[in-house]
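Some structures to go through are shown next.
Two complexes are shown next, each including chain A; its partner changes from chain B in the first to chain C in the second.
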Partner chain A sequence: MTLVAQSVEQPPRTKRRSPLAETWDNLRKSWAGMVGLTLIVLHILIATTSPVWIPRDPLEMNAKIRTQAPSAEHLMGTDKLGRDVFSRSMVGGRVTMVVTLIAISIAVVWGGLLGIVLGLVNGRADELIMRFVDALLSIPWLLIILLIVSVLGTKMWVQALTFGFTYGILTVRVARAATLDFVTSEFVLAARARGERKRTIVIKELIPNVRDVLLVDGAMNWSWMLLGFTSLSFLGFGVTPPTPDWGFMIAKNREILGVQPWAVFGPVVMLGTLIIGINLFADAFAKALGLDRSQGAPV
Partner chain B sequence: MSDCLVDVRELTIGYYNQKGTLVLVLQGVNLEVKPGETLGLVGESGCGKSTLGQAMMGYLRSGSQVLGGSVKFADHDMFALNNRQLETIRGRQIALIPQNAGDALTPTLRVGNQIIEAIELNADLSGAAAKNRMLELLAQVHLPHPDVMANRYPHELSGGQQQRAVIAMALAAEPYMLILDEPTTGLDVTTQAHILNLLRDIVADLGTAMMYISHDLGVIARVSDRIALMYAGEIVEDTNVAEMFKSPAHPYARGLLESIPRLNLAGIPNSMPGQPPIPGTLPGCSFAPRCSFISEICRSKSPPFTSIPGPPHRVRCDNWEKVLAIDFSQELQQVFRTIEHTTEDEPAIELSGLEITYHRSGFMERIRSIPEPPATVSDITLSVKRGETLALVGESGSGKTTIVRTISGLLPAKRGSIQFEDCDLTVEVDQRPMELCRHVQLIFQNPDASLNPRHTVAEILDQPLKLYFPDMTHDERRARQIELLERVRLEGRYRLRYPGQMSGGEKQRVAIARAFAADPEVVLCDEVTSALDVSVQAAVLDLLADLQRERNTTYIFIAHDLAVVRAIADRVAVLYQGRLCEVGTVDEIYSPPYHPYTETLLGAVLVPDPDHEPKLLASDTPELAPPAKGCAFQRRCPYCMPDLCVEEIPPWQFPESDDGHKIRCHIPINELLVDQKAAF
Partner chain C sequence: MIILIARRLILSLVTLFIISLIVYVGVEALPGDSATGYLGQWATPESLAALREEFGLNDPIHVRYINWLGDILRGDLGVSMVKRKPVAELIGNRFRNTVVLTITSALVGIPLAIILGVIAGLMRDKLPDVIISTTSIVAMTLPGFVTATVLIYIFAIRLEWFPAITLVPSDVSVIELLDTMLLPIITLTMIMVAHILRLVRTNMIDVMVSDYVQMARLKGVPARQIVFKHALPNAMLPTINIVALTLAWLVGGVAIIETVFNFPGIGKLLIDAITDRDFALVQGIAMILSGIYIALNLTADLLSLVLNPKLRTARGH
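Now for the complex of A and B:
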């Protein structure tokens, strides 16, 4: 008995850690989360630095070496126009990542804010806007994006705004649902009874509590958006050729899949590792924050 | 088979926390339960009583492990058995009745079928025999119309009825022992009294042993033969009911009993300083830091579980002789403290003809002119004087919270007015001038929910300061935060804590400090102590009374616990279904003549005295809506007169010459008085 009692120590009560540090501690313990984070960081490094170290100019065509298998000179071989697949795969994510990262920020901000405000007012305006949101969601997203892009052109800012708007619609629902859990809670009632303005309630009481849900949702949506943007490129509405891009590379090289599979595998592996990385990270991130993704609210 | 049904020996249970250190939950617990005995296991939250209850069924929470000792149930070593062997014991020989019956029932299955499942599994009956047994069980737990009830889904039953259904399920195999983990916590007093009576009857009829786990000594006094008191993972005292309440030998037992508000004693009870330690972290006695009988040995050596001569009585204290030398009943009389405060004659808050409804007439209802249902709260005329504490009392659904939320402007009033001094409070909060908002502050029941988990205490206290005193500088606010924390008896260093890093009592103090940061005239307290442990409750009541005296603050105090109301209120308003039944000073309310509903409530209160027998006047059948006409209490009133009470709203009657005490009843005061004096 006494042996057991002595081995116990009072938990250190003086040392306080910020919630951020605690989240990081939890995240670090997750093996999958760290693999995901490594993959994401690796991709960001490749995207930012690759133009400096890639072995070949990704735009350089050479009719003599078309559709070649991997060799010491061309690690992943060459495509139909004799361009180096490895170099193109490395730089092929640059535009995609920039556009989707801007777009996801737009989506989280506008979708999150609208959702939180709708959850707070929760009246006729909420009812009306949510039905409109439902209506938008019933249209296939690719159709909306193709429509906007074909009217406004394939400029990067148009694509970023289009994706930000379209994916923000999903975020509205998530943010509203998360907010509804807190709107009836006593600390929001206390703020309302105090006479706080709606703006203060949103900023001080709601955003700090809904933030985690939005961050995780944003991370997940990023991976969906990458797939979406790649699809757009595949259809020829994404990146303007000849700028290398994963989706476009897959589209152009699928004809030579039987002869030079690396021309397709290169971009597929890059896209795949990034998306897997984001998913692993988002799951671990949610757990580290104490969220259950299946419920979308703190447990 | 030995003469003990349950034999817990030196049981130590603990778990490893995230940092890998061992945290004990139970340390060296010894407990026996004899067949047919009812044992009350008492202790405050976190003392390990639920863990002990579960361990008796051979169950451990995930992550926990048995570090020493054993649990024997009917000579089976519960932690040596495999799952299949445990299945033959659990449910058949020993059954658990959990706190929240609503969670224990499957929402998608009819109640009858769920009970039949338990019967088929544990009592080896099937088909028609199982069905008959189910109906028999439902009748045994006094559910009206068993055949109708069996076809209902859990959500169609009231909380009390759900608890009865769960009891029926536990009785399916007529187990040797029932373990009840706070089964009546969260139920209304009248429902609680009915359920406890039922349990007493069942245990007496079937000869079942029972271990009743509760934090409520009033409940424990009612159901148990013997009581085991737990503190910091240890059993500190174990004796029969009479000894425990008349001459407790452990200083903690005394402190706990002294901190309970009493119906028959005016004033605020004593509170215990400090908090329980984590089990096993102190070299000596766990209670030593909070003990007033402390001697040198207490700090160095853990006291043994000593037997006291006389009736079976064991106590874990070296100084029990010194403790017993002081007569407890005399000590109890002295610890209650009345805090004198002045009440001015002018009213602070005046409600007149207040009516509140949640019903919103739909378009079709208006077109077809369907009459509206009776309002949730109706005809409330009350005035609260400056510096006074008015308590609103009633069961759940009586409209207490609705009224308070309307005063604070969170809900609209349908008719009538709310007046604060010269200002109109009838409008909702967003239409009130800021100065008016400042004067009316609200404190909630559950401090876990009323403090934003993402804010530090400094940020929480800053909110009202920034809102109401925009001219304050950062340094002034900081100084004010520290001052507020000191006023609620917390140290300044609490500023940097998050709510998750504080105990329930500390959190409630922060919530109180937040309300007082506004320097308000009126504070609305919505069940502010009901989520707290008794020893903490006494301290919070004491704090509220002190704060009131300093600033002459007016309180409107909601509580369902009539003893708490007795401790803190000056005047009381009794509500039933959103209608006033009786208004008067505390002394007037707590002595005859009563309104029949007040009499019902007072009769059902369980006091920490084993000789007290609750008086059950009315049924505990809940009502979902007030009646369309006549007296609100007509359907449950034991004295209801068929025509008069059903048809006409009763008049106010005034037992005294002045209009301070008023009772809304058709029965003449004299008749009420004669009946009630005879009964009490």
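Now for the complex of A and C:
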């Protein structure tokens, strides 16, 4: 009985539209959220500054020191071509982070706007476009991305657009569902009664209200995109060698997993801490905003 | 009720039609065409032209699409120009292998996910919940190839319990296959459990604070009875949909796991086909995977329709 009784207690609900300061205060109280934020900030710092302070040139090959275990010279040892794993792991997230961060902005903007507009008009056009969205969501995500990248190549801007478009499809649903909660609310009805134009309603009434949902969704989506992009990279469709990249490093260094596991652990730890950091932060961020974090797989 | 089911069926067919359009146009947009794939480096302008004529590659795209769709509807997936074999033959046993892999993972994973999800939901924010929820976030959000690589390191290299990769041809018997695929199954199960248990947990929490559970509690119904008779059945309903979605996701995302373990399945075949620009093969596999996805979703919809009286009268979303 005690077990049941305790599960009934619900955390106090915060106000839905808390100002920035209040959100920050809530966030600060969350232990997990602060760990997450710290991890993200650390990763961004490493990605931006690492080329200056890494001990070795990440591209420099040396046949004499192939596949070596960690030492004072090489903190995480070397890979099959004698390159320094530590240095490569530090810079290995740069392309991934740039591409996914640009892509996430694209996804939030196009997916968010389309979703809001669809939620507002909610008629024939809405039904038709949602059919299309559902159809796109039923094609395996990996196939869509692989197809687009095969057609358009692996340039960074192509990948950013591809990921922005593909993952934005998920955002369309989220934004539409959130908008539907508001279109029948008094302030939107009042705006309609005043004869406001649709564009004004979207900008003045809907975007400010759906914004929190979109921010949390964006943080979540960033984590899914990292999963997607590094998978692509793992399969050899991501970053062009010899540029160091976590996904590709894991794919290549798996061959020496038994002899020099650090060549795999390096990129795994870097990628893992970033993804876990984002998730811890997204969870706490959603709670701080008074939202339940939406859960779901990237199709 | 019948109208509702018919409506769902028709919607599924429409979705499948749209997918076929997207897949066909998407694959046709790949650089090169089947004729260059077929002839490879021996292609001369004359032989290319002759081949294109022979296979009708000079027809406008909508004519080719309609022909292709007609063939698919008759069960003919076409011929792979790169491998010079019928697509159906290439897929053959690999489809079975992927099905065995995913079904086994699902049979282990779904019950496990429900049990763990209920425990976590009932003990919300207590230590067991924190452990289960944290592990599930990690398993769910780390890329499959990372989870697989870590598991390979622990179980195949350190402990030497399982082989690191599958080294059997695609046409071995199911028993032999199962023997070599424990590690892929464990990886897939972990990811699947993580996805499903999070939803079960959320549902359980929602149900436990609902009016009827509170009412039962006020009436003095024993805790165990509340959980098993009142809460569980209601928490399970929304789970049906997520199970279908997760299975469908598995069918697609399994490609990476199969590649990591060199598993002879349809997902690895798809990735190889894209690398080889094997048009007919990519199209065939894409249609099969999307078809499964839609069938699973439809089943889940119909199942929740049958199990939940409230939905029967409501308009479909």
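FYI, the second predicted complex is superposed on the first by the 275 of 299 C-alpha atoms of A that agree within 3 Å, B and C clash if a C-alpha of one lies under 4 Å from a C-alpha of the other, contacts with A are read in each partner's own complex, and residues count from 1 in each chain.
In this text, a residue touches a chain if its C-beta (ideal position, glycine included) is under 8 Å from a C-beta of that chain, and two chains touch if they have at least 3 such contacts.
This structure is a prediction, so every number in the text was calculated from the model and none was measured.
In the superposition on chain A, A:Ile275 makes contact with chain C only, while chain B stays out of contact range.
By the touch criterion defined above, A:Phe285 reaches neither chain B nor chain C.
Applying the stated contact rule after C-alpha superposition, one finds that A:Phe234 touches chain C and leaves chain B untouched. In the superposition on chain A, A:Phe165 makes contact with neither chain B nor chain C. Contacts of A:Phe86 after superposition on the shared chain: neither chain B nor chain C is touched.
Judged by the touch definition given at the top, the superposed model places A:Arg194 against chain B, while chain C stays out of reach. In the superposition on chain A, A:Trp262 makes contact with neither chain B nor chain C. In the superposition on chain A, A:Phe248 makes contact with neither chain B nor chain C.
Number of chain A residues touched is higher for C, counting chain B against chain C. After overlaying the two complexes on the shared chain, residue contacts for A:Trp222 are found with neither chain B nor chain C.
Once both structures are placed on chain A, chain A residues 1, 4, 7-8, 10 are touched by chain B and, in the other complex, by chain C. Note for the complex: chain A touches chain C at residues 1, 3-4, 6-8, 10, 131-132, 134-136, 138-144, 146-148, 150-151, 223-224, 226-227, 230-231, 234-236, 247, 250-251, 254, 257-258, 261, 264, 268, 271-272, 275-276, 278-280, 283, 292, 295-299.
Residues of chain C that touch chain A in their complex: 11, 14-15, 18-19, 22-23, 26-27, 29-31, 121-124, 126, 137-138, 140-146, 149-150, 152-153, 157, 195, 198-199, 202, 205, 208-209, 214, 217, 222-223, 226-227, 242, 245-246, 248-249, 251-253, 255-256, 259, 270-271, 274-275, 277, 282, 286, 289-290, 293-294, 297. Across the interface of their complex, chain B is touched by residues 1, 4-5, 7-11, 16, 19, 185-187, 189-196, 200, 204-205, 208-209 of chain A. Residues of chain B touching chain A in their complex: 10, 12, 14, 17, 19, 21-24, 27-28, 67-68, 277-278, 280-281, 283, 302, 405, 408-410, 429-430, 432, 434, 437-438, 440-442, 444-446, 449-455, 463-464, 467, 496-498, 501, 511, 514, 518.
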